[in-house]
Amino acid sequence: MDRVYKKVELVGISAKSFEDAVNNAVEKASKTLHGMAWFEVSEQHGRISEGKVVEYQAVIKVAFKVD
Amino acid sequence: MDRVYKKVELVGISAKSFEDAVNNAVEKASKTLHGMAWFEVSEQHGRISEGKVVEYQAVIKVAFKVD
Amino acid sequence: MDRVYKKVELVGISAKSFEDAVNNAVEKASKTLHGMAWFEVSEQHGRISEGKVVEYQAVIKVAFKVD
Amino acid sequence: MDRVYKKVELVGISAKSFEDAVNNAVEKASKTLHGMAWFEVSEQHGRISEGKVVEYQAVIKVAFKVD
Amino acid sequence: MDRVYKKVELVGISAKSFEDAVNNAVEKASKTLHGMAWFEVSEQHGRISEGKVVEYQAVIKVAFKVD
Amino acid sequence: MDRVYKKVELVGISAKSFEDAVNNAVEKASKTLHGMAWFEVSEQHGRISEGKVVEYQAVIKVAFKVD
Amino acid sequence: MDRVYKKVELVGISAKSFEDAVNNAVEKASKTLHGMAWFEVSEQHGRISEGKVVEYQAVIKVAFKVD
Amino acid sequence: MDRVYKKVELVGISAKSFEDAVNNAVEKASKTLHGMAWFEVSEQHGRISEGKVVEYQAVIKVAFKVD
Amino acid sequence: MDRVYKKVELVGISAKSFEDAVNNAVEKASKTLHGMAWFEVSEQHGRISEGKVVEYQAVIKVAFKVD
Amino acid sequence: MDRVYKKVELVGISAKSFEDAVNNAVEKASKTLHGMAWFEVSEQHGRISEGKVVEYQAVIKVAFKVD
Amino acid sequence: MDRVYKKVELVGISAKSFEDAVNNAVEKASKTLHGMAWFEVSEQHGRISEGKVVEYQAVIKVAFKVD
Amino acid sequence: MDRVYKKVELVGISAKSFEDAVNNAVEKASKTLHGMAWFEVSEQHGRISEGKVVEYQAVIKVAFKVD
C-alpha cells in the first residue's frame, strides 16, 4: 500500500494528432523508465508553418513506480 | 428564455482516442439523460501498460436541459 | 531578436475531431493573417444533439509575427 | 456535526440580470431538491443577438444537505 | 458546421451595475463587429472614490462569427 | 510615482444584489480606511433558505493608498 | 475498456480531521452509490467558534462506475 | 443581513499535522481577532530536514466579522 | 464614465530583461494603437541556446481606449 | 546566495492519513536524494473500495539543493 | 516550531523595474511591520502613457512573523 | 518531427534580479543537461531580511531535448 510514484514532464510532438504526440513521448520515455502507470495532459499546442498546422505538441506528465 | 441546464461530470475511456472517450461517455449518458446540449472537456489523462498507452480518459461535463 | 508577436483567440469547429477543429480555425485565419507561428489550445468543448456529439469545438490562441 | 452536503452544477438564464439568472436556477432546483443551503457562482456569460445582450447566464453550484 | 468564431477582450464601465458595464462594452463593439454571438465575463472590478463605488468594470470576451 | 497600495479582502453581504454586497463592504471599510482606490471581485456566492436566495455575498479585495 | 465513471461533489464535515471529513462524506455516499472507485479533494475549509476550530470541512469529488 | 467579514491570511506551522498547523494559526489569531467564523486552506507545504518531514505548514485565510 | 477599453495580447522579446521585452512589445504596438493605458504580464518565458539564456519573452495584455 | 534547488514531483500513498502519505514519499526519496529542504502539496486524492477509503494519496513537489 | 506568519498584500510601483517596484513596497512596509521574512509576486502590470511604459507595478504578498 | 523534450523544475536565486536568478538556475543546469531549448517562469518570490529584499527567487521549468 505504501508504494511511491514519480511524475516527469515531457513534450511529445507529432505531425498527425495529439494522441500521436502523447504516444511519441511515452514511447521515448519507455526506453529509460520502467513501471509507467498513467499520464496526464497539461497543455496542448502546436507549430504553424505557411498557414498550416505542421506539429501537434502535447505536454504530459508521466507517472511511474519508484522501486 | 428562463430555461435551466444541469451539468454532470463524467469520465469516458477509450483505447483509440480522446474523441472516442468523449463519445463513450456521452453515449452512456444518453441512456438516462435527455436534452443533452453540450459538453466541456475538463481533464485528459490515460493509462499506460508495458510502456504503451492503453487507455485515453476524458473527463467531461455534460449539460442537459432540466424540464 | 526584438521581434513582436500578437495572439488572437479563435474557436474552430468540426464534426470530426479536435485536431480538425484546430485546422479549420487556422485555415480561416490564414486568409487574413500572415506569419502565423504557433497555436495554444485553451478550451475544448462541443455540441450534443439527440444524444450524440455533433461538433468538436477547440478554442485556440494563434500567434503571428507583427511586422 | 457530521452532516454531509452535495453540490450540483446548474446554469440559470435570464433576460434581466445575473442575480435573476441565479434565482431562476435556484427556483427550478427547489422543485426537486430540499435543504438547499448555499450557492457559488462559477461562471458568468451570456448570449448576444443583433448587437445586444439578450441573455445573462450564471453557472452556479448549489449545495444541499444529504439526509 | 465548419464556421469559425473570434473572441476579443473588452472592458466595459458603468456607474450603475456590472450588467450595464457589459452592455456598454457590447454596444460599443456592435459599431464595428457583426455577428456577435456570446460573451464571457473574465473579471469584475471597479473604482472607488471618496469611500464610495463610482464605477463597475466588467472585463468580457465577446465572440463573433468570422465570415 | 513610488506610491504603495495595500489590499484587504472583505466579504460584503446583501439581500438585493452583488453590487449592493460590494457597496456594503466598501461602505463599512470607509469607516477605517482612507484613500481607497479600487476593488476586485474574487468570489460570488450566497445563502439559500427555504428554496429561495436570501443573501448575495461578494468577496472583494479593496486597495487603498499607504501613506 | 469502455467503462464510464460519474463524479459527484460532496462536502464532508468532522470535528476531528480532514481525513475524517472525507470518510464521513464517503460513508454517507456509500448508502446510495455503488462502485465508488476514487475521490479527489477540491477544497478544505472549516468553521471557527469562540476562537477555536470546531469543524473541518472537505469538499471532495467521488467517482463511481456507471453501469 | 448587511454584516461584513474581513479575511486575513496566516501561515500556521506544526511538527504533527496540517490540522495542528491550522489550529496553531487560529489560536494565535484569537488573541487579537474576535468574531472569527471560518477558515479556508489555500496552500499546504512543509520543511524537510535530514530526509524527514519536520514541519507541516498550512496557509489559511481566516474570516472574522467586522463590527 | 462609459468609456470602453480593448485588450490585445502581445509577446515581446529582448536579449536583456523582461522589462525590456515588455517595452519592445509596447513600442511596436504604439505604431498602430492609440490611447494605450495599461499592460498586464500573463506569462514569462525565454529561449536558451548553448546553455545560456539568449531571449527573455514577456506575454502581455495591452489595454487601449476604444473611441 | 547563488544556490540552486530542483523540484521533483512524487505521489505518496498511505492507508492512514495525508501526512503519512507525504512521509512515505519523502522517506522513499531520501534514499536517492540529498539536501531535501521543503515539500509542497499539489493534489490530494485517494482510492475507495467497497464503500470505504482505503488509500490517501498526496501529490507533492520535493525541493532539494543541487550541488 | 509553532511560530505563525501573517501575509499582507501590497502593490509596489516604480518607473524603473519590477524588482524596484517590489523594493518600494517592502521598504514602505518595513516602517510598520517587523520580522518580514519573504515575499511572493502575485501579479505584474503597469501603466502606459503616450505609447511608453511609465510605471511597473508589482503585486506582492509579504509574510512576517506574528509575535 | 518526432523529437521529445523533458521539462525539469528549478529554483534559481540571486541578490540582484529575477533575470539573474533565472540565469543562475540555467547555468547550473547546463553542467549536466544538454540541448536546453527554453524556460518558463512559474513563480517569483524572495527572501527579506531586516526590512530589505536580500534574495530574488525564480522558479522555472527548463526544457531540453531527449536524445
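All chains are identified by letter, namely A, B, C, D, E, F, G, H, I, J, K and L, in their written order; residue positions are counted from 1 within each chain.
We adopt the following convention: contacts are C-beta pairs under 8 Å (C-beta built on N, C-alpha and C of every residue); 3 or more make two chains touch, one makes a residue touch a chain.
Small disclaimer: the values here were computed from a predicted structure and weren't measured.
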Which chains, if any, touch subunit E and subunit G both?
D
Through what angle, between 0 and 180°, must subunit I be rotated so its C-alpha atoms fit those of subunit L, rounded to a multiple of 5?
120
Numbering shared by both copies at the subunit H-subunit G contact, with half separating same from different
different
Tell me which of G-H, E-I or C-E has the interface of I-L again, with more than half the contact pairs shared?
G-H
Taking CA centroids for every chain, report which one is farthest away from subunit D.
L
Between the Cα centroids of subunit F and subunit L the separation in whole angstrom comes to 38
Let me have the rounded angstrom distance from the C-alpha centre of subunit B over to the C-alpha centre of subunit C, please.
22
For subunit D and subunit H, let me know how many angstrom lie between their CA-based centres, rounded off.
31
Two or more other chains are touched by the subunit G residues 8-9, 17-18
Full enumeration of touching chain pairs:
A-B, A-C, A-J, A-L, B-C, B-D, B-G, C-E, C-I, D-E, D-F, D-G, E-F, E-I, F-H, F-K, G-H, G-J, H-J, H-K, I-K, I-L, J-L, K-L
Name, in rising order, each residue of subunit F that touches subunit K in their complex.
1-9, 61, 63, 66
Complex contacts: residues of subunit J adjacent to subunit A:
8-15, 24-25, 28-29, 54-55, 59
Which part of subunit C faces subunit A closely enough to touch in the complex?
17-19, 22-23, 26-27, 30, 36-41, 62
Write out the stretch or stretches of subunit B touching subunit A in their complex.
17-18, 43-48, 51-53, 56
